[in-house]
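Pasting in a structure now, in structure tokens, and then I'll have a few things to ask.
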Amino acid sequence: MLFSETATAGLTFFSLAPLVLLFPLLGLLINLIWGGRLSEKAIGGIASGAVGLTFVVALLQMISLFSHPEGVVIPLVDWINIGELNIGWGIQVDTLSVTMMLVVSGVGCLIHIYAIAYMHDDVRLNGDPSRYRRFFVFFNLFILAMMTLVSADNYLMLFVGWEGVGLCSYLLIGFWYDKGKDGIGNALAGNKAFITNRVGDFGFLLAAFTMFGLFRSFNFDRVFGQVEQISELLPLGIFFITLFMLIGVTGKSAQLPLYVWLPDAMAGPTPVSALIHAATMVTAGVYLIARSHPLYEVVPQAQSLVAWVGTLTALFAATIAIAQFDIKKVLAYSTISQLGFMVAAVGMGAYVAGMFHLVTHAFFKALLFLSSGSVIQGVERGLHEAEHHHKGKHSEGHHLDPQDMRNMGGLRQRMPTTFWVYLIGALALAGIVPLAGFWSKDEILLKASYKDARLYTLLSIAAFFTAFYMARQIILVFFGKARSEAAAYASESPKLMTVPLIILAILSVFGGALNLPGIHAFGHWLEHTIHHMPAVKAGVELPEFSLQVAAVSTVIALLAIALGWLVYARWGESLQKEHKPYVDPLELTAKPIFGVLYNKYWVDEVYWTLFVNPYKAFSRWLAEQVDWRFWHDWFHDAILTGGFKRLTAFLAQPIDLGIIDGIANGLATLTQTSAAYLRRFQTGYVRNYALAVFAGVVAIMSYLIFALR
Amino acid sequence: MDSIFHPLTLVTFLPLVGVVIILFLREEQKEIIRWVALGVSLVTFVVSLVVLAQFQPGNPDLQLVIRRVWIQVAGWDIAYHLGVDGLSILLVLLTTFLTPISILSTWTAIEERVKEFMIFFLLLEVGMVGVFLALDLFLFYIFWEFTLVPMYFLIGIWGGPRRMYAAIKFFLYTMAGSILMLLAILWLGIQGGTFSLPELVAQNNIPANTQLWLFLAFAAAFAIKVPMWPLHSWLPDAHVEAPTAGSVILAGVLLKMGTYGFLRFNLALFPQAAVQLAPIIAVLAVIGILYGAAVSFPQQDVKKLVAYSSVSHLGFVMLGLFALNPQGIQGGILQMINHGISTGALFLVVGMIYERRHTRDMDAFGGLWKIMPIYGALTLIVALSSMGLPGLNGFVGEFTILLGAWEAGQSGGSLGSYFYAGFAAIGVILAAIYMLTMFQKLFLGPVDKEENRTLKDLNWREIVTLVPLIVLIFWIGLYPKPFFSLMAPAVDKLVGNLALSIAALP
Amino acid sequence: MVPIYYYIALSAVLFTLGALGVLIRRNAIIIFMSVELMLNAANLAFVAFARLHGGLSGQIFVFFVMAVAAAEVAVGLALIVKIFETKQSIDIDQMNLMKG
Amino acid sequence: MWADRLATLPVIVIGIWAVLLTVVDLYIPSQRKGVTAALAAVGLIIGLVTNALGSGTAQTAYFGMAVVDGFSSFLNVIFLVSGLLGIALAYGYLHRQNIAHSEYYPLLLFSISGMMLMGMAADLIMVFIALELLSIPLYVMAGFHRDRLDSEEAALKYFLLGAFAGGFVVYGIALAYGASGSTRIAAILSAVQSGNASPVLLTIGAALILVGLGFKVAAVPFHMWTPDVYQGAPSSVTAFMAVGAKAAGFAALLRVFLLAFPTLSDQLVPLLWALAALTMIVGNVVAIAQNNIKRLLAYSSIAHAGYILMAAVNLGQTRLMTESAAAVLFYLFAYLLTNFGAWAVVITLEGQEGRGLDLSDYAGLGKSHPALAAAMTVFMLSLIGVPPTMGFLGKFYLFRAVLEGGFVGLALIGVLTSLVSAYYYLRVVIVMYMQEGEPLVNRDALLRWSAGLTAVAIIALSLFATPLFQWASQATLYAVK
């Protein structure tokens, strides 16, 4: 059944596509089952090998696509079939999905290799080597989920991957679940990520329902095939689909307003940040929109909304990045900002540009994160060095945070390789010719300049900030003098870590070649998937290249870098003399603004007071007051049970005996017996019983007389 | 004889054999008693598999029907009338599947009066299976009421400190509903001249407003059992006090008797009333979903948390059933199974830690994953399935239910508004909140309690009790087709009948 | 010739008196006599009705009632005597051992 | 003439047997009084046999004074069986309480003969005589505990109030006679139908009869004697009283009202409705306040009287007459087994001087005597009406009759009160199983056996109830022409 398609497709490797799911699965199963008996190297090797094989399969798919660019869909098995609802597991092999496969497995493979060495130290620094295996199991699980996401041929299977990667992100953010603030910080960060993403998934679900309501299917081809006539009938419906989908995107790709989980996600080990929270998972949203472009194309309002969300996020996050001191936090906000660029691109219909930036960003941001990881471990090694040197006398190193850039400086000499690759990554991100970032970002700006001047301006400003904070980071980390013993004693990382860095660096340099103006290899490659739609033409009929835009962006970048140099290299150095610990120059000059940025506009605090605390209070009130005290204790116990008990007592005493007593007393007074004597009457008297009988008779008689009238 | 060796008779009454054997054993022979109980329940499970083998999935009608006149009262016959169809087969399997697992879970948990415990447990199985198989209203009522007694004792004798309160509350609440159902059953019998469900359904001549009353009378019994908001007050008590195995069966099967009742009787017998009342019930269901999820969140007692989560989950089931379309109902049925598996597993998990630490207060734990890695991993899977992670069983059920509700929200659907599905979907977020919070409080963070450092990880028996459930969690999550295909024809038939009444709506 | 209904009325009066006697008096013997009075009121009614209908069965019935009454007397007095032995009183208002 | 004797043979047997036993007993040495009990049992068994042999065809006897039909023969079984169980419960008990005076058994037989007469009375005179014949021995038996004051008190109360109620019956009969000119049920009916009967007199007469019979069956508000008498009387007597007297009362009630006064339904049905509802409510609700098991069972018996009364509201709906009667008979049978079983357990735990009668004395029974506790549980469940027990089938059958009569409201009250009853019956179970304690239990094989057998019968007969149902539904009332 798998190979029937190959018959139609001629000699291709399409039939191997399912292996992209199989290999990571095998990897994780092997490590899960036998990992206990394997050495660290073996575990890491197996995991990396699995991903590497996946990459090979992806390459084969690419090769096949050269001959059959239309791609194929390989249905595997049915999943949910109820009435009209027919969802299956199936693999979509086309240029778009294969691009993602290549990025995920390629970058993933490098990061796996890097992690073999990185985690070796990490687990020891954190004091639980037994988690080494767990890390790679989770890592392969992530690759599996991500592959499911990108290779899905329908929205629901995509959703499986979508939440699957969310789960892995949760697990890996909380990988050191007993560390972090109060020992629980990391775990809470994981919860935050998962729950925030669930909010987005809620949107995704609504989108899915609406979609099924309109198209009676979740299958990409079936849905896109009907967009034409549905858009005539119910454009509003499609608008809602795209809108709900956007909620999902803001969740997964950390856009406004749901971006808040990503900075906290840095609690995970650095390879995690690189692979999941920079290169691949967070770009899923961009992929989703690109994948759903036929839907977005027919509802321009939704498109512009997407574009605006992306643009604002890009700017917003970039500003925050300026005022962060944690080396990874800076990169985190930079990621959010870059994702903003991509979202803005796909929002403007520049799917190629968006995807292009996705790819290049995957290269250089992974590079940056990994090298930051190398820096951090360098510093930590330095920390231990330092403690060795003067043991007994406790240095400041004890409570020193190895991720805080204020404790670094001058690492250029201590870690040359890391420095150079970091520099390359930073320049690529800043968008300096001819590095990868330049070309991709340039395309986006170009598109923006045509689409909407406001977007263009905002994005350019964002680009400026980007270059600025990267300059700041480079200087704080690598230049100047060591601001702590740890930094002074820092040392270069092992080969196993640096080699992947170098490869990534090369990719970051030449990545732009993918889609050089004039050739547009990548564009044409993608157009096989993003071709057969009328609306997209608007996006494609752009000039290949605009010197003006390119010049402007380059100038902006250079200016920013120069400014950064002035502020941090020149002025910062001088400041450093009188200020210890280190103070950011901007903090001295523009304290209020810096404070706002440093505190991330207090968004977390606002969310906390607006949503989290109210929900906590509300649910507690509901549980303790409403459900327990009122409903359970008061209503059921006090009212129902208690009332019933009272009724019983009442009937048992007053009615059953008392009333009769009453009559007896009354009657007795009739019979001239002293009432005082009768008070002592207890029940249990024959006469009262007789009286009851008599009362009954009287009642019956009176009723009958009434009835016989 | 054939009626005795009829597979349905066997699967229903086989546990009685175990009861008889155990009766002849001495209280001291705990081990033997346990093994006998386990063995008998396993054999019963095997027999239920035989039933499955003889069951034709393609056939929408009742199958393996056995009908013998049982009691003849002047006028009409009460029949020993069993049968199985797509609506019930899975629930029967669930029952016979969960019983041995629960028995296995009591191995070390129950040391007191093992003999009686096992007797009651097997009697309970008889009642539950009977409920799902009975086609004669009278017979159904007998099984229905009969399940009360063993459960009452399970809670009352082996339960926690407030067990008497919980036991009697459980008994009275359930009975309060079922006596109204008894009157309705009698009324049906008098009007239709028979208690046979198929015949009554075939007659289908009950005037609309009468349907309304009868529907409510039946609903009284089922809604309390489910329990639908706001009739859930007995559930936390029963769950918190019940022994682990009791909770597993209570959540896993007994609650399903309520939802099954709605499906089997209310929808089939009173279609018009069902269609009329669908929106109201759906509102209650949605409230239950959100309310249960919100109330679960701040609970300190893990068992209570899980109990309230059941309110939420069964809200989903009810919503699905009263979407009155294939997606909703099939999703609802599957969700019954899912809830039985996931929540059953959750209660097992809670029981395991309770056995070790004799507390269920979440603050007494923390960082357990470090101490008990296997336990942590299995719990995580169960929790994820319970909060509906795609790829695990919970998602398939919830998604189809929500989709069905959404479909029913279209004009011409039974609900007529998208808000039901919309609000219900929020439950998915809330579920993540309370489940993750629970997991984090128990398993994540540092190990800051000394007494937790020495805890032992699961032993082979505990793993064996959990693994079958885990396997099912993945199976249903990844390839639910066999389950759906079992129920599809029957559901389509049911929906077909309902569609007529929906069309008849003003 | 006294109209028949006078007898009926008289019997009704007697019956009521007997019933009230049971309710009001505290001495067991007297209560019992009141009961007898009720029975005899019934007898009177029987005779009167027998006369009215001109049948005999009513008058025969009277004999039955008298016989039964005699039997009751036998048992009743025995009980009363027995209780008098133990309690030295037959005031039924003091018979209150048992309470709900 | 002989045909009549033959038809009424069971009663005759029991009556004669009672007389003979009284005499024979004098010649039985005091240490071998067990023989008397045995002989009494033999007599009852003979009665059962003759009853079984009796031709099923309904016929009148003694010039229409008595009627022998399925109804009466079914009731005879109930009476005779209750007699047997009564002996079984009494034998050891009387010894333990040192009141083993052997005249107990003849008295029992006399009372039973009275009940049987009640079951076949076709003439109001018969009703009255039978009523007294069954009551007077019970008065004596209630006071059987000669040296205990509460027993004597109970006896005197029962006696005075019984006589009081009897007075109403007689006067009611007198009025009925006055209204219709006859005491024959059939004659009354025809007189009413032919229209030459004063409805006012008749109705009032019927009401008075209702009062008297209501007293016997302990219907609210004529129930007040019940708890005291049940508590004071020796438990074995109470058990017998609770079933036999009640059954007899209902027998007369059904015969008289269903056959003689159907035309008065307009006036009487609301009356019966109210009586039934009141009885169920008060009986069940008040029972909750009780801690003494005997009083608890007393109120429970009141409540059950209420349930049975429900069937009487079908008065006047001739098509339902048979079914209502059958329902009552079936219910009575179920009640017979359940009640005697429960009392058997009570007597097993009862100690000297009325000890062991408090609910708390049952704590821990489930642990120390599982079988006994299990049996008690069965009885309690049967009294609640939880399947699979006779109690459930009985209620089911009754409610069905009531619903067919169209009295949904009454049925609703019935089920709701039975829910209430679950509360106090379950209390017994809770105490037995869920509280710690060391109950004192008499070793008495007869009691164990009767408890065990009744428990088994309650479940077994509920599972294979068809013959019983058939029998009850054939036990139609025979309207004498």
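So that you can tell them apart, the chains are marked A, B, C and D in the order they are listed, and the count of residues begins at 1 in each.
As a convention for this text, a residue touches a chain if its C-beta (ideal position, glycine included) is under 8 Å from a C-beta of that chain, and two chains touch if they have at least 3 such contacts.
All figures in this text were calculated on a predicted structure; none of them were measured in a lab.
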Of the chains present, which has its C-alpha mean closest to the combined C-alpha mean? B
Hey, how far is the Cα centre of chain B from the one of chain C, in Å? 66
Measuring centre to centre with CA averages, how many angstrom lie between chain B and chain D? 43
If you average the CA atoms of chain A and of chain D, how many Å lie between those two points? 76
Counting in whole Å, what is the centre-to-centre distance of chain C and chain D, each centre being its mean C-alpha position? 26
Shared interface positions of chain C, touching two or more other chains: 19, 22, 31, 92, 95, 97-98, 100
Hey, what residues on chain D touch two or more of the other chains? 156-157, 160, 164, 168, 228, 286, 289-290
Touching at least two other chains at once: which residues of chain A meet that condition? 652-653, 656-657, 684, 686, 690, 697
Output every touching chain pair, sorted by label. A-B, A-C, A-D, B-D, C-D
Mind listing the chain A positions that touch chain D in their complex? 644-645, 647-649, 651-653, 655-657, 660, 684, 686, 688-690, 692-693, 695-697, 699-701, 703-704, 707-708
Chain D - residues contacting chain C, complex: 125, 128-129, 132, 136, 139-140, 143, 146-147, 149-150, 152-157, 159-160, 163-164, 166-168, 170-171, 173-175, 177-178, 181-183, 227-228, 231-232, 286, 289-290, 295
Of all residues in chain A, those that touch chain B in their complex: 77-83, 85, 128, 130, 156, 159-160, 162-164, 167, 170, 174, 177-178, 183-184, 187-188, 190-191, 194-195, 198-199, 201-202, 205-206, 208-210, 212-213, 615-616, 618-620, 622-624, 627, 631-632, 635-636
Interface with chain A, chain B side, in the complex: residues 169, 230, 233, 236-237, 291, 294-295, 297-299, 308, 325-327, 330-331, 367, 369-370, 373, 384, 389-391, 395-396, 399-400, 402-403, 406-407, 410, 418, 421-422, 425-426, 428-429, 432-433, 436-437, 440, 443-448, 478-481, 484-485, 488, 492
Per the touch rule, the chain C residues reaching chain D in their complex are 8, 11, 15, 18-19, 22, 28, 31-32, 35, 38-39, 41-43, 45-46, 48-49, 52-53, 55, 57-58, 61, 64-65, 68, 71-72, 75-76, 78-80, 82-83, 86-87, 92, 95, 97-98, 100
